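The letters A, B, C, D, E and F name the chains in turn, as written, and every chain counts its residues from 1.
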Amino acid sequence: MELSARNQLKGKVANVDLGAVMANIKIEVTEPGVITAVITKESAERLGLAEGDDVVALIKSTEVIIGK
Amino acid sequence: MELSARNQLKGKVANVDLGAVMANIKIEVTEPGVITAVITKESAERLGLAEGDDVVALIKSTEVIIGK
Amino acid sequence: MELSARNQLKGKVANVDLGAVMANIKIEVTEPGVITAVITKESAERLGLAEGDDVVALIKSTEVIIGK
Amino acid sequence: MELSARNQLKGKVANVDLGAVMANIKIEVTEPGVITAVITKESAERLGLAEGDDVVALIKSTEVIIGK
Amino acid sequence: MELSARNQLKGKVANVDLGAVMANIKIEVTEPGVITAVITKESAERLGLAEGDDVVALIKSTEVIIGK
Amino acid sequence: MELSARNQLKGKVANVDLGAVMANIKIEVTEPGVITAVITKESAERLGLAEGDDVVALIKSTEVIIGK
């Protein structure tokens, strides 16, 4: 099965912390590649995003799905 | 300002594609580091996640915030 | 109150599992209907999505809101 | 690859609408099954969720990933 | 119908910008109230969050659902 | 660092509730301002959204990031 989600970062599980309902998993990324971000056009213009800019891709941990 | 979101991947903007309302931004990650994923305990157990497992961190592009 | 979120699947609660902060709720869907997915145009084209294709709609459990 | 995301609804693509950056895809679900929702314990208690309750699972269309 | 999502900010539509697939809606909040945020325990501890702290609640625009 | 996420509501921490893996944080918003919501064009048209409409911005607590 191929997925629409483009961001697929390969890595190794570094830690597993189980709670009652949720689990916190640390993944050491070994092959990063390219991240696709979809933001509003107005935010892209406000930040003046252009090729070559140094940026940070921010992702909340609850948004990450794990494939194994 | 420090953020609660742990996943902060440094990179360079590789492409900017502006639509009417949204924009698609490609970021070439230069320093990957560690990804934190919060999933349900039952999914962690179903996948049998353990230290050293090879996994993929999947992130939908609409979930990525850009900092510059 | 009418909501912008189109995906509203009717069902019955099948299980409630309470943790310290979070709760895991199982809902047996009784009337599925149509799911709307918004993805990037490039992913739609990469997957070659067309009417009649067999697909899977994937949704992380933290993204589901419950109405009662 | 097995995924941590539990909610995997099988269906058929009913419509594809391409914009400049995003695409709106309609999926007619053919086998619904069970939806897992993770909400706060306080919301579960406030709604008084219990087995057998009639509920609605609400999902914003930007949160749906498509697998094919 | 009562919803599990606690954050319900009342306001007035200030602007509507329609694209091909998506729409950008500005809402002027008239009654803010309290925002509930669920983050990892480790982020709460790393930020040293305590009653009375001045903070900012950050929300990506794709995560907002509108009720009318 | 400037962020693409437009919705940045200033407030004060009113309560911190730590679980095993997750934490529930209450923030009393002191300066609301304007909320940007990105929804599908079809939902904007179905709700007939227009300037001056009374609406509610709904946000699931797992979608909120905290900055301090």
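We take it that a residue touches a chain if its C-beta (ideal position, glycine included) is under 8 Å from a C-beta of that chain, and two chains touch if they have at least 3 such contacts.
Everything numeric here is computed off the predicted structure, so don't read it as measured data.
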| item | value |
| --- | --- |
| Neighbouring chains common to chain A and chain B, by label | C, D, E, F |
| Self-contact between copies chain A and chain C, residue sets same or different by half | different |
| Centre distance in Å when chain B and chain F are each reduced to the mean of their C-alpha atoms | 20 |
| Chain C and chain D, separation of their C-alpha mean positions in angstrom | 1 |
| Residue numbers of chain F (touch at least two other chains) | 1-6, 18-24, 36-40, 42-44, 47, 56, 58, 60-63, 65-68 |
| Topology of the chain contact graph, where touching chains are joined (line, ring, star, complete, other) | complete |
| Chain A partner contacts - residues on chain F that touch it in the complex | 1-6, 19-22, 36, 38, 62-63, 65 |
| Touch list for chain B against partner chain A, complex | 3-16, 18-30, 32-41, 43-45, 47-68 |
| Contact footprint of chain B on chain E as seen in their complex | 17-24, 37, 39-40, 42-44, 46-47, 56, 58, 60, 62 |
| Complex contacts: residues of chain E adjacent to chain A | 24, 38, 40, 42-43, 61-62 |
